[in-house]
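The same chain A turns up in both complexes below, where it pairs with chain B and then with chain C.
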Partner chain A sequence: MAVEHPVTAPSGDQTRIHNIGYRNYDGPRLGRAYARRSLYSQSLRGSYGLGRSVKSKVLPMLLFVVMCVPAAIMVAVAVATKADELPVDYTRYAIVMQAVISLYVASQAPQSVSRDLRFKTVPLYFSRPIETADYVRAKFAALASALFVLTAAPLLVLYIGALLAKLDFADQTKGFAQGLVSVTLLSLLFAGLGLVIASVTPRRGFGIAAVIAVLTISYGAVSTLQAIADAQNSTGSIAWIGLFSPVTLIDGVQSAFLGATSAFPGGIGPSDGEGVVYVLVVLGLIAACYGLLMRRYRRVGL
Partner chain B sequence: MYDPTVARLTYRALLGRRRALILGALPLLLIAISVVVRGLAGADDQTASDLLGGLALATMVPIIGVIAGTGAIGPEIDDGSVVYLLSKPLKRPTIIFTKLIVAIAVTMVFSALPTLIAGFILNGNGQQIAVAYTVAALVSSIAYAAVFLLLGTVSRHAVVFGLVYALVWEALFGSLVPGARTLSVQQWSLAVAHKVAGGDLVTSDVGLTTATVLLIVVTVLATWYAGQKLRALTLAGEE
Partner chain C sequence: MACVTNFDDVTVIVTESLSKRFPRVTALDRLSVDVGPGVTGLVGANGAGKSTLIKILLGLSPATEGRAEVLGLDVASKGADIRERVGYMPEHDCLPPDVSATEFVVHMARMSGLPPTAARERTADTLRHVGLYEERYRPIGGYSTGMKQRVKLAQALVHDPQLVFLDEPTNGLDPVGRDEMLGLIRRIHTDFGISVLVTSHLLGELERTCDHVVVVDGGKLLRSSSTTDFTQTTTTLAIEVTDTDAHPDGTRAVREALHARGVAVLDGNSGLPGAGHVLLLTAQGEDTYDVVRDVVADLGLGLVRMEQRRHHISEVFTDGDATDDQQRKEAVNHGS
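Right after this comes the complex of A and B.
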């Protein structure tokens, strides 16, 4: 049994804090920009499963391959048949492969933000010298970059293939540049939408379903309505209906300004005036997503 | 085989809080679109068939099936709280069966009912189209719920795989490779719908007998195997 010694009450000057010899940190303080860059690169790597388990590499890599293989096949066909242009436009490629892009956003947007919410790591991020804007920008930029890699890689395959097949250089370069502008817009838009939806729920599975529902159902609804408007010969309304789904928005922008042929029924893209509305809506949506994310992460307690 | 407590918990997990919102938003959208289309195009059998087949049966039923089927068990396995359920003196197949019933009920209420309403709005059930697609939605609800419930017990990425099946296999490959359509819940349910409607508006690539047999086999097998998986469930850590 422990014997309790009477505690001698320390009086006055005898109290002191001992220096037991721990060293202070006197290395460089890397600061806010560094923390933001790290968060960006971690999120970007995470979007392709790099630095995570093998299991989580499977899906993003698979989708990446699925995106690129058709491009390689098209190049092979173009070379073999000695065609004087590629079987598909640079701008059209992302529209054709939209299911794969949607799946990628749906699987990676929740991966990027929902797990931070679920495991309550968000407050830990904010204990570093970063602020709400840094977190949102890093995540937004990371997912947009990941999407850009996903959508631009097949275009690059097409472009290199076209040059190797000795297609017209100026023509191909112009098409490639137009395609890049279009996929940049697409990446920003999809990343914004995906993150806003995913940041609402800490459940990954539910976030995936919600993102996919928004992307595919809106596209399904819009293209159905467009087909009906086309059948009714009310061609004027087709372009306006297209404003209500992300994919048709991008389609409208690129067929108005980037020389693409529209995938709208009847092949009628928006006119220049309507095209301006399309661009404004796209930019407005991207800005709105950014604003909503900022609002979402304003309260760190979560 | 049916445990009311498990059922109540599953209902709460599926429809609690914001989840009911997204589940309710999709049917509302379908009905809203039907109203718009009826206003734009008037009552037209072909339009009604296109809309119900393309939007309701091909997109909405699978997505709601994925949410309800995987949502009935996935999150519990994901956060590990399923051990509290498994440690109760209940047979594992009973748990699966109860969850399946709940998932089927939720999928039916949120997909078949709106399909029926949309069908009546679109053309007032002309040529039995509304009823035919409702039957198709009911039948496919059962199969989707069973398959996606199984996926929920097998994989942590059940939602993604479910969506890949529903969107890539059924929609993309189904339209490119004719053989893929034989292995598609959507086509099986269309075969049943074809029998109900009788006309040429609702068609399927699969015969009625094949479709029925495959539907039953898939549902029963999926449920049985999900029960087996739950009997020997290993709880994994995150990722």
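Right after this comes the complex of A and C.
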């Protein structure tokens, strides 16, 4: 909006004198809360590669499509075969697709925080009105929202499909709502873990590897141990072992309280009492991730 | 050097016996300094406490003792208000390579609280003022060091602060880039009306840019005075001449001729290669330049160069300024 003073141009030529003097800004300054929201929206858009290079859009968009396509196929099958229920529960969908979700967290958590550390952009943020807590909250909320979009979108596809297939409305709505609660917890937990791990290293590669290791290897190890426990008929310990991986934690919570069928060996989820422990561990982990991030960034000065 | 003051005797930065101690080092030791509007140079060797001081002034790091005010706001309690009104250009690289300068500076403008439309307008204006044109739409990764420095400067100015902290803005620039950056810094005050605190470890380059220079060493104030004081006492000229048949050793001939004219020549033999051919002398104002010119011309020699030497901090110690002596005594007393 450079102020232009068009010179009298009798012959209609393009001659113009641009006023290139410095102009002071005396408009509004919207302060901390606005800056935090700006950081949130920038980070959320960045999680899908928006506002970044074409190359960085490929993976998140691809994963988003991979998340949604199976849901669309299931819906198509359900509509075509006039089935009286969807092939998969709303709550089960994220557990089935957990590898895709883990891959997404592994790619986008380092993108969100390691870049700022690696290119030392963090000091620029903290030389502005926002404080550590604002930065951590904005980044945490942005990744959790991005994960929620990733995990809730296929549920929405399923739900719309189910309504198109004229399945029982009350039933489907309840299932959908339970699914949303479950993926909300999952988004918060995965985002927290991903960010804590990624914020330790400025190297993106290490961040990606570490997040995959924590999310996937822990799931593999826990599943194996649970299978062994099942084979040895010590069914009591299956639920407790499940506390040690993020995926099984979410699985435990939703099979105890959200009407999900458990993916644990033998299909036996935690009991109500054990379920309470699951919920506490999930909430505790989310809070711990937040606390660790705060501690991490308090030490990142200029 | 014109002393430009748009405000009436307002102090921009005040510190009162400001100290910052870490478990192992004392970064700032009872530093008391007043900085007025204009361009102020903060000079010190690496580790002298310059960056620590900026951190405290931005309200990001609490002082161990003492107090400081920036734009009349206390750093301990009004950090966020200060950071809204000042800009900061860090010494290190701080730019993500995969976004364009425009996108990056718009984002930083919004982080300073500017509404989206204003952020875009100010970004376009500011990038033009620092000298980035079409290239601003390309990813920063492909920029030269000079262009990156301009982007760093732009993000510090985009929200139209009242004061900017520039930490070593000439680092890594070639001589031309250095001069352009120094000119830009000068303009930040003269054209934009923004006060500047600029750090450097080279006193020479700040002399030409700043109205006022503060020298710190080991966290203590060595000296704080206007640059005119500095240039009067510390300008050193380096002269190199050719040899001719009449004067096989031109350097020596000039030395003797200058001596005869009453101009003291410093010992130029610093042990560096070719140093024997360089004469160093202290310029006592404009006349000295004329004397040198005349002497060289009279001898029929060619003047290869005559330049102002860039000073390092150590030279501040060598001039026997009374206030300086007092500062040093104080510093010694503090140290004991």
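The rule is short, and it goes like this: the second predicted complex is superposed on the first by the 276 of 302 C-alpha atoms of A that agree within 3 Å, B and C clash if a C-alpha of one lies under 4 Å from a C-alpha of the other, contacts with A are read in each partner's own complex, and residues count from 1 in each chain.
We adopt the following convention: a residue touches a chain if its C-beta (ideal position, glycine included) is under 8 Å from a C-beta of that chain, and two chains touch if they have at least 3 such contacts.
In this text the structure is predicted, and so the values were computed from the model without any measurement.
**Student:** Applying the document's definition of touch, where does A:220 land relative to chain B and chain C: first, second, both, or neither?
**Tutor:** A:220: touches chain B, not chain C.
**Student:** Tell me the contact category for A:230 with respect to chain B and chain C: first, second, both or neither.
**Tutor:** Touch status of A:230: no partner.
**Student:** Touching A:85, do we find chain B (first), chain C (second), both, or neither?
**Tutor:** Touch partners of A:85: none, neither chain B nor chain C.
**Student:** Name the contact category of A:53: first (chain B only), second (chain C only), both, or neither.
**Tutor:** Both chain B and chain C are touched by A:53.
**Student:** By the touch definition at the top of the document, which applies to A:106: first (chain B), second (chain C), both, or neither?
**Tutor:** In the superposed model, A:106 contacts chain B only, not chain C.
**Student:** Using the superposition described at the top, list the residues of chain A that contact chain B and also contact chain C.
**Tutor:** In chain A, positions 52-53, 56, 115, 119 sit in both the chain B and chain C interfaces.
**Student:** For chain B, which residues are in contact with chain A within the complex?
**Tutor:** Chain B residues touching chain A: 18-19, 22, 26, 29, 33, 36-37, 40-41, 47, 50-51, 54-55, 58-60, 63, 66-67, 70-71, 74-75, 78, 156-160, 163-164, 167-168, 171-172, 238-239.
**Student:** Under the definition above, what is the set of chain A residues touching chain C in their complex?
**Tutor:** Those residues of chain A that touch chain C are 1-2, 20-25, 27-32, 34-35, 38-39, 42, 51-53, 56, 115-116, 119-121, 123-131, 301-302.
**Student:** Touching residues of chain C toward chain A in the complex: what are they?
**Tutor:** Chain C reaches chain A through residues 51, 54-55, 58, 60-61, 80-81, 83-84, 87-88, 90, 92-99, 103, 107-108, 110-115, 118, 121-122, 124-125, 128-129, 139, 155, 159-160, 191-193.
**Student:** Can you list the chain A residues touching chain B in their complex?
**Tutor:** Checking each residue of chain A against chain B gives 52-53, 55-56, 59, 99-100, 102-103, 106-107, 115, 119, 200-201, 203-206, 208-210, 212-213, 216-217, 220-221, 224-225, 227-229, 231-232, 234.
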